[in-house]
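Consider the two complexes below, in which chain A is the common component and chain B and chain C are the respective partners.
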Partner chain A sequence: MFETRLNSVLFLSVVALALTASALGSYPVYLMSLAGINIIAAIGLNLLTGNSGQISLCHSSFMAIGAYSSSLLTARYGLPFWLAIPLGSFLATLVGALLGAPASRLRGIYLALATLGFLQIVQIVIEEFADVTGGVRGLNVPKATFAGMYVSEYVRFLLVLASTGFAIWSATNLLSSRVGRELNAVRLSPHAAQALGVPVDRIRLTAFALSAAYAGLAGGLMAIVVGFIDPGEFGVSAALRQITFIVVGGMGTVAGSVIGAAVLSAMPELLRPVKEYNDIIYTLILLGFLTFMPRGLVTLWDSFRIQIARATSTKEART
Partner chain B sequence: MTTTLALQLAIAGISVGSIYALVALAIVIPFKSSGVLNFGQGEIVTLGAYLALILTQLALPYPIVLISIVILGGLGGVVIERLLIRPIVKAPEFTLVIATFAIGVVIKSSLSVQFGDSPNSIDGPFGSTPIMAFGLNINPTSAWILTCTLLVSTAVVLFFSRTRLGRAMRAVSVNTEAARLMGIRVETVYRWSWAISTAIGALAGLLVAPLIGINPEVGQLILRGLLGAVIGGFTSIPGAIIGGLSVGLIETYSGVLIGSSFKNLVPFLLLMVLLVFRPQGLFGTGEFKRV
Partner chain C sequence: MKERLRIEKLTVRFGGLTAVSELSMTVAAGEIRGLIGPNGAGKTTAINAITGVVPITSGLILLDNMPLTNLAAHQISHRGVGRTFQHVEPFGDMSVLDNVLLGVGRHSHVPFVHALFATAIADRGEKQANSDALNILERFDLLSYRDSLASSLPFGILKRMDLARALAARPQLLLLDEPTSGMSESEADHAIAAARSLAESQNITLLVVEHNMRVMMALADSVTVMQHGCVIAEGAPSDIQLDRKVIDAYLGEELSDAAP
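Let's look at the complex of A and B:
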């Protein structure tokens, strides 16, 4: 319940951002767009890793599939971006289900290995089919147009914002639905879940497909916001960065994804003076949270909430 | 394909394969004893390569460089095990996978900050003039790598079957609690398994440097090493060696048979197929479960 309340707080602050952003310059708007994209990707990964309990080292690959397919649909077949991005996300979902079918039977390190192998396959395919994808030199994404007019940076930001809102809303609803409870059941005790009639393998597969859908959406948005994509953007370090988002924010909660991705998206800006140490600092944060605060920043909200409860009613706090 | 070409390819395959075999060995040893798969092992290899660069630039003779790298590599493993792995060895598998991965990233980024991304190289101990034998060209560095791999593998196999510590490691890998009750110091076993593993990893870095150069991306080797370990069944020492050698052979032959653009795909497709249909590998004895 408090989880839901935290989500509505986050949702409202997102809306507030939209209104203030119009007063800001182009660069902050761009950065906030990237933060929104990170939030969408983190929400997807958290459903898979945080809720269904499956390790994935290839979340960035689904972003790549969304980004490349939507850009190519626009560039080659002239599809408008508002059609290409959902199609890209749909394609990522299909590939996610395809990977999920065998992967849902693997556990622990075997799953980590399989997803790492899948990431490499996607990278190699992008690099080797250079005449379609642009290879390692990257791909210029056609500018998004609507009714013959270029879509401005601010409008693209609003689009990201709306998508982020949709992602938060849909994931929150999903988690409080039957599927959400099944995802958690599969993580907490696959045997008990199986015994209670939860189709464990199918739920694991569903988690893969769902997480890929969010990643594909994030990838498509990233393509039109950045205007240029290359395979380096979607490599192992990107996958690890997304894992850092959910570990720092908090595994298994939508609020965790939002907080982790939002806080860490600001990091590269704060660390601009020590740019070359970026990866090291990022990774040390990840290691620190894994060791000392494995449940992430959302636990701060929990303890804050408990203190409020104590202050308002000592009677309730005791129970 | 002529016989000479086929043999020439076999030699090339075995020489890269022996590096993969060393990496696979370095992955399997701590996994056997502590159930921790070190995803940062590739960066230990990179570290070994850079150590080789530094020590060679100090104009030290090759045997001293080799011995120092093995010792420093082993010490590095002891430090990593004590500071980073032991506090979380009982944590969920997710934590261990991500933590070892993260250790690798920290090493790689530190090296890249310190030395830049430009490639360096060192010479092999026996120059690079190919040896001609039976009408085949043999690179002396490759021959040296193969020799070292065979020596290391033999030493590891003997270590596990003959020495007290090696047997203690096997006992721990079969049943940690029972081994502890029998008076085996499990922590010592963990420490030594990491030391041996990182010493082998660093040695692999020294050996491979003349072939592929020294840059922060050397650690990519781990993917082939992991595939070798998967083929070998993850818990088998001879399996890891044969697995690593087969990865080298598969890679080399597929490069010639199906063209260079898809040759990189083959190992990973094979990895996926193996994981799905035979996760215990070709030499393993049933799935390894960490309870």
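Let's look at the complex of A and C:
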């Protein structure tokens, strides 16, 4: 019953946002698209870090893999964007599984360093294979077309919106199922998990592949929304920003990913006058939340809900 | 009687330390076997070796004549070996129901793709798992805690949850590591009664590590005594109490208290 209610809330929000955006200008719609893309990426990272308990400093690299591979599939092989983006996400998933195989045996600082190394490798590959990727100068993404017509800003937003809805829905499904319990169990007590038959290493690897799938999807969407990609978009700063999303929103919950990414997506706009200090500000926010609100903004929502429940129950008691 | 567990010359070394040295024992199906010995005798290491948590140096472990050696810990669980933990190892951030659902998960496996798309199959699997888990919670008198986070519960209740979780996986052989430590006398009696009725009603073989001789007398069909990684005596609990070597190594002064 709870899930059907959640699904209808999700569906109504998507419809409401689609209607709202139809009345807005091109720039706000563009910003909303970017927020949706951030939400999808945050959902993926949160499954990996918040649920399975594995730190990753290379989530942005999987976005890069999705963005570059889908753009190149369109530019070089003429694949339509609606096919290229899922393929890009699929490729990111494969690479995620490849990285997950060794990474799932590492913990803490070693895992952080290994993922940081992977991020550097992806950066170097993009920069060195400039013939294909455009190198540091970036890559112009072919405009998305459908039936011979350019896809408008608004329609691209609808695509992002639908994908975000799908990401929220699918991740919620996973977390409320056996898969979600196993991800959490692996984080909370790998010993007890394996004694109950949970294949700990395979679950950790699955988490890597799964998070890369969401990141790859986010990357492919980013490419067609922005129209231009360069390696700087997918560097350490981006990875740090994504970690900030889930820490600010709340680790281990889909709501946390959505809230954190949505709130912080507005930040670059607010910080435009002090753009060069962005990384410092993100780091301060990250440290602030880790120190003072380690469970993230989602706890505000929980306590708000409890207060509402209390208020209504006292009202009922009075009547 | 059918033999469930056979251990042949099991040796476990950690660097220069030999924790278990040429341990051999057999446990019959449906038996309740006690494993006692002073601290450092290698009891928990033996359990960890059987469950695949620590690598064995040499020897053989067979469950129903199939070797467990060289299997990963989760594969050993799938062969039907369950365990509880001395310090419980709860999934702290999860509800008691979710803890037990993880045990149920060993035999009710909703495929990933079905879980992702919340298909009818996933829905049915989840409902079945839930009702199985609730049955177990009821049997262990834990229903009132179903939605409590494990981290918020006292040790005695966690001990019960640990046992419920292990049984939810429907093991054939269950290894209990100090099941009554941290329990009051009456809680311990309750746990003994529960373990006994389980072993009988579901034909689960139990291997119990326990310090408390009173518990051992009440629970075990037979007892194996370990010291310095070796077996020094084996037999019925009443005989073991009178064994000179056991008294010297372990029971000592406590014997008079431990006698029933």
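Throughout what follows, the second predicted complex is superposed on the first by the 299 of 319 C-alpha atoms of A that agree within 3 Å, B and C clash if a C-alpha of one lies under 4 Å from a C-alpha of the other, contacts with A are read in each partner's own complex, and residues count from 1 in each chain.
Quick note on the criterion: a contact is a pair of C-beta atoms (placed from the backbone, for glycine too) under 8 Å apart; a residue touches a chain by one contact, two chains touch by 3 or more.
If you're wondering where the values come from, they're calculated on a predicted model, not measured in any experiment.
Engineer: Of the two partner chains, chain B (first) and chain C (second), which one does A:240 touch, if any: first, second, both, or neither?
Structural biologist: In the superposed model, A:240 contacts chain B only, not chain C.
Engineer: Go through the superposed model and pick first if A:178 touches only chain B, second if only chain C, both, or neither.
Structural biologist: It touches chain C, and chain B stays clear.
Engineer: Look at the residues of chain A and decide whether chain B or chain C touches more of them.
Structural biologist: It is B that touches the greater number of chain A residues.
Engineer: So, does A:291 touch the first partner chain B, the second partner chain C, both, or neither?
Structural biologist: In the superposed model, A:291 contacts chain B only, not chain C.
Engineer: In the overlay, answer first, second, both or neither for which of chain B and chain C A:80 touches.
Structural biologist: So A:80 meets neither chain B nor chain C here.
Engineer: Quick check for you: in the superposed arrangement, does A:232 touch first (chain B), second (chain C), both or neither?
Structural biologist: neither
Engineer: Report for A:120: first if it touches chain B alone, second if chain C alone, otherwise both or neither.
Structural biologist: Touch status of A:120: first partner only.
Engineer: Of the two partner chains, chain B (first) and chain C (second), which one does A:192 touch, if any: first, second, both, or neither?
Structural biologist: second
Engineer: Show which residues of chain A both chain B and chain C reach, each in its own complex.
Structural biologist: On chain A, no residue contacts both chain B in one structure and chain C in the other.
Engineer: Hey, which residues of chain A end up touching chain C in the complex?
Structural biologist: Where chain A meets chain C, its residues are 3, 170, 173-174, 176-179, 181-182, 184-185, 188-189, 191-200, 206, 252.
Engineer: Okay, in this complex, where on chain A does chain B touch?
Structural biologist: That would be residues 49, 53, 55, 57, 102, 105-110, 112-114, 116-118, 120-121, 124-125, 128, 237, 240, 243, 247, 276-277, 279-280, 283-284, 286-287, 290-291, 294 of chain A.
Engineer: Which positions of chain B touch chain A when the two form their complex?
Structural biologist: Answer in residue numbers: 37, 39, 84, 87-88, 91, 93-95, 97-99, 101-103, 105-106, 108-110, 112-113, 223, 226, 230, 261-262, 264-265, 268-269, 271-272, 275-276, 279, 290.
Engineer: In their complex, what parts of chain C are in touch with chain A?
Structural biologist: Its residues touching chain A are 51-53, 72-74, 77-78, 82-83, 85, 89-94, 98, 101-103, 105-106, 108-110, 112, 115-118, 122, 125-126, 129, 165-166, 169.
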